[in-house]
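Same chain, two partners: subunit A is paired with subunit B first, then with subunit C.
Let's look at the complex of A and B:
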């Protein structure tokens, strides 16, 4: 769709010669890095991962909240968090980074570097010369020779005009790119030491301060439309790391009966209100595996828009299982919002797995081969109980059991 | 791996978790001795055992570097004597104030034990203080390399222990080892270690160890691993479907060459290919040869309709 909108592409470029005539007046107010959605007419942002955008139905809508349930060691959720912020840098959005554990400046320094067209093309050329079978296709084709003279269509990640970019995890973003955007910070230990006395309004102190900070930034920078004469609108990308963990002052991770069980849910309620009335989108990572009371996670899911859970294979018995050897973990999409519609865009597949290579984080359908063993065994009861304790949806579980039932 | 951890491979919060079956204070003292031998000053905040008992067994060069904050004698500050340390003083500023009294340079903070603090203060407060100690110390001009904390795992609800494990850089769980292992030194024990590196990699290992006199660790090898898992993974690890078949799926070289030489259907000669290619280089053309039954009437049949 983005290719069609670029008018003036001549046939010799390799792109299709179809051009879409759009009168300039009917174009939506073009904010960098967004595109309108065909399904519900909202403005969509990229979450930083093109494959996650596909799973979420095109992207993240402006004004919504993306909640990520962290995996056990927080490695991959941190990566998704960084991708979201890095996408904001490449598109020129404003950033607001909040954390109780790491200094936001350190988080920004470690963001992955974006991959642009020419860099990727060099890599592609190197890979092609290395593989022999690729060389054949550049010579005369044996079977598909009618297509020999047609120009090659390259599907490569392009520069910032496209929607969704690729990032190289092994390199960090250049400081010049960081300086070019405007960003705001919230580091809880700093805030606590700067303003030690503050009245807590029936919420955990850390959450109150964070909400006040977000509200102040939205108002001051005009993201809620309070300065109509501002010519160039921009999006505010908010990232909150590890919300609900003990470092924010909340004890839902330690006990079954926390002191203030509704603190986190109140925070999310107010935050979603702030998001809806401004041009912003928010990503939050929550250590769901530590939260003792399962009812809290259900309420948190209801109060968020998009909820994605990550389950990594590190430390579990699936790490050594050869069936999962290509993947690093599973992704569970728990909720997709219903914006301006009665149904949401849930894809049929429930088994999604992710793999992380140096330059790409891809989300794919998990294909388990059929069980070729001689004995048709069913998973025994203790395996089932174990798998329901984990985040796994259970439908991808293999039918391996120590005991098997013979019928 | 235990030797590396003791030798200071990781900074940040190092948690030593013990249970009633197997105590972990001797392992804590091992870490302390190693830190002192490396030249760091060790600040011990003791709450559970008296100072003399903690200092017992150390070499003289270790005890020189040991700065003990006594929280055991008078924990609630009833006698009002100076020189003690109470639970309420465990804030970032309080701790860094005590650290500032020691020599400058790298310092290790030892909490004996964290469980005592958790019984007197809520967990979020304690965790926030633990996170702020390095920062507060840095602003006072000190460098805290690591914080060693002893935690009694069975005193706390599992959620609390899990939360602390997720905050710590390295966790060493101490448990009893089966009889008959090793010789000399203390009773052999099993250490389950979890280490998070800065790169994000997570390492998990189990080792048997024992502690010799003078608090040096001695590794005794690793457990053999759980056996039942092998039965299940065997049918899947040998998943090579092309082996053991009654028909041949592989090609020898001559067969491969013969296969390449077979002409494919619709495999035209070179001239016909090039003529077809040239013709189709322009926009697509439609070649239509009318059949005998086709009616090539140019008039529009709909003209007759009276609509």
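Let's look at the complex of A and C:
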């Protein structure tokens, strides 16, 4: 991980000569917007979504890569991308935004506005009171008392922490807040026009330039510890949009036998080296559903740290299925890294669905609603059985037959 | 070093075996705990270890090794451990200045078109060659993990050539051991990877195969481990010995138990 120079403890005020031995982890936590992990002392960042942080075991570790497999129309993966960058703005981190289709300045202008505590308390929202009353009723569950101790994936918006914020998707971030942070851009069409063609390491030209640009920023701004005298350390949040798509000059999304299948994996490998040696974290969205050669996606998964796949219900037959009426899509957590430890904090539930409200993007355990139909109609029961069969079970396929058992 | 795994393999740090190729294989789960086991096992046994770590940084292995009772920095200082940090070497190749002829970065193959692993083999050979002042026992080559090489543009036949050369140098000439980690998947579409894995399965003396449970995720049983020991003599055509255990990974240890005998159930 990033090797930070941790010198001896220094007293905060010069009055006392008593020096408490400060453990290294609390020294590292002095960076805004981060907190050390309970399990392995690694610095964690918020991904912008408190419920996603919960699923990932506390947050995204500094020096790692979060890979999002895009949903079919890229709507929700784009939203996660924006949440990640917006969280960087609120915490005061530096941003590096790379895209091949949208100008990074436009991306930043459209980031959702953060919700701060006082603003939120003033607005009376039905959902809020509903959640609060649910919390109160949970204190004394009389009938469903067995469920009292179940961990809640959803974090109530009223209890906002300094780690992880909530955003209002209907509003955009204020320009003053944008001006207050330092950000860097990489827009592929303008980079390609600036410099002549170069091709090193047999990687697609766009990837090479992007890596060089990232490395330059990390080196110049001192994220790799090359300026130890700089007191205030900061985090660089890197966001790369739609990597692997045709706009980056890579043809893995077009054909089954692409010309160069190693560009993307080599890029990810060099990027991994860059991330590990600097105080940064990266989010990449990949149009995985377009990549026809599945071997590439397997290799990409092995080279990434955290891999989350999104599956939205738009356009599929699940959109009108009454089972899923509350949710907009499913989330599959394919991989969580084991950093500095033999184990990782894997959440117990594998069936996760997400729901987007104006002020909250929640990730919840997918519940099947109770079957309260009076008439035992064969067609509806068959529907339910088919849908339950489609629920993923983590590793391995579930052995469920087609027939719905009628007792 | 996990004590229970040593008992299962009938191995002990006092008398490590020699001339063996051990294949670590994982399917649908992370088998890197086996790498940490062998790293600390051979360091405790007093062997000279060359560790080709392609996927993680040095501090990651160091922190976990400390939990298992071995210090990698101390081992490096006294010359027992030669650590190749793949991520750093690749960074040097990619962002460093133009290399002159005769330079020796082991990951040189990333920059050129060729998928020649010769420089990496030379690195392994020179680091494990016994020098006069060394008092270490048999040399060991540890690779984590081999599937990454395929992602970097190396052809499967070159990967197999590399392993073959290493076996000749390390196993038969220097009477040492090789431990290699690969990823595999039953329904994988990565044919090159499956080719390498199948070929290594035939060549290796011991296969440790960590799999996720077929029934899905479980909090108390993290997976199952298949131990396949090849028959010792090819002439007698002995059958391979296959044993299956389930395991649970804890912070500093991994417990192994017979199938269905997890502590949560008993």
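Just so we're on the same page, the second predicted complex is superposed on the first by the 299 of 407 C-alpha atoms of A that agree within 3 Å, B and C clash if a C-alpha of one lies under 4 Å from a C-alpha of the other, contacts with A are read in each partner's own complex, and residues count from 1 in each chain.
Note that a residue touches a chain if its C-beta (ideal position, glycine included) is under 8 Å from a C-beta of that chain, and two chains touch if they have at least 3 such contacts.
Nothing here was measured: the structure is a model prediction, and the numbers come from that model.
After overlaying the two complexes on the shared chain, residue contacts for A:342 are found with subunit C alone; subunit B is out of touch.
Of the two partner chains, subunit B is the only one that A:251 touches; subunit C does not reach it. By the touch criterion stated above, A:220 is placed in contact with neither subunit B nor subunit C. When the two structures are aligned on the shared chain, A:266 is found in touch with subunit C, with no touch to subunit B. By the document's definition of touching, of the two partners only subunit C reaches A:294; subunit B does not. Once chain A of one complex is fitted onto chain A of the other, the partner contacts of A:73 are limited to subunit B, with no touch recorded for subunit C.
Judged by the document's definition of touching, no subunit A residue lies at the interface with subunit B and also at the interface with subunit C.
On subunit B, the positions that touch subunit A within their shared complex are 122-124, 127-128, 131-132, 135, 157, 159-160, 162-163, 166-167, 196, 200, 202, 204, 228-229, 232-233, 235-237, 239, 264, 273, 276-277, 280-281.
Looking at the complex, you find that subunit A touches subunit C at residues 1, 3, 40, 200-202, 211-212, 215, 262, 265-266, 269-270, 272-274, 276-277, 293-295, 298-299, 302-303, 338-343, 346, 348, 350, 393-396, 398. On the side of subunit A, the complex with subunit B involves touching residues 73-75, 78, 100-101, 142-143, 145-146, 148-149, 189, 192, 245-251, 253-256, 259, 287, 290, 292, 314-315, 317, 320-323, 372-373, 400, 402. Residues 28-30, 32-33, 36, 55-57, 59-60, 63-64, 67, 87-88, 90-91, 93-95, 110-113, 147-148, 150-153, 183, 185, 188-193, 212-217, 219, 249-252, 254 of subunit C are the ones touching subunit A in the complex.
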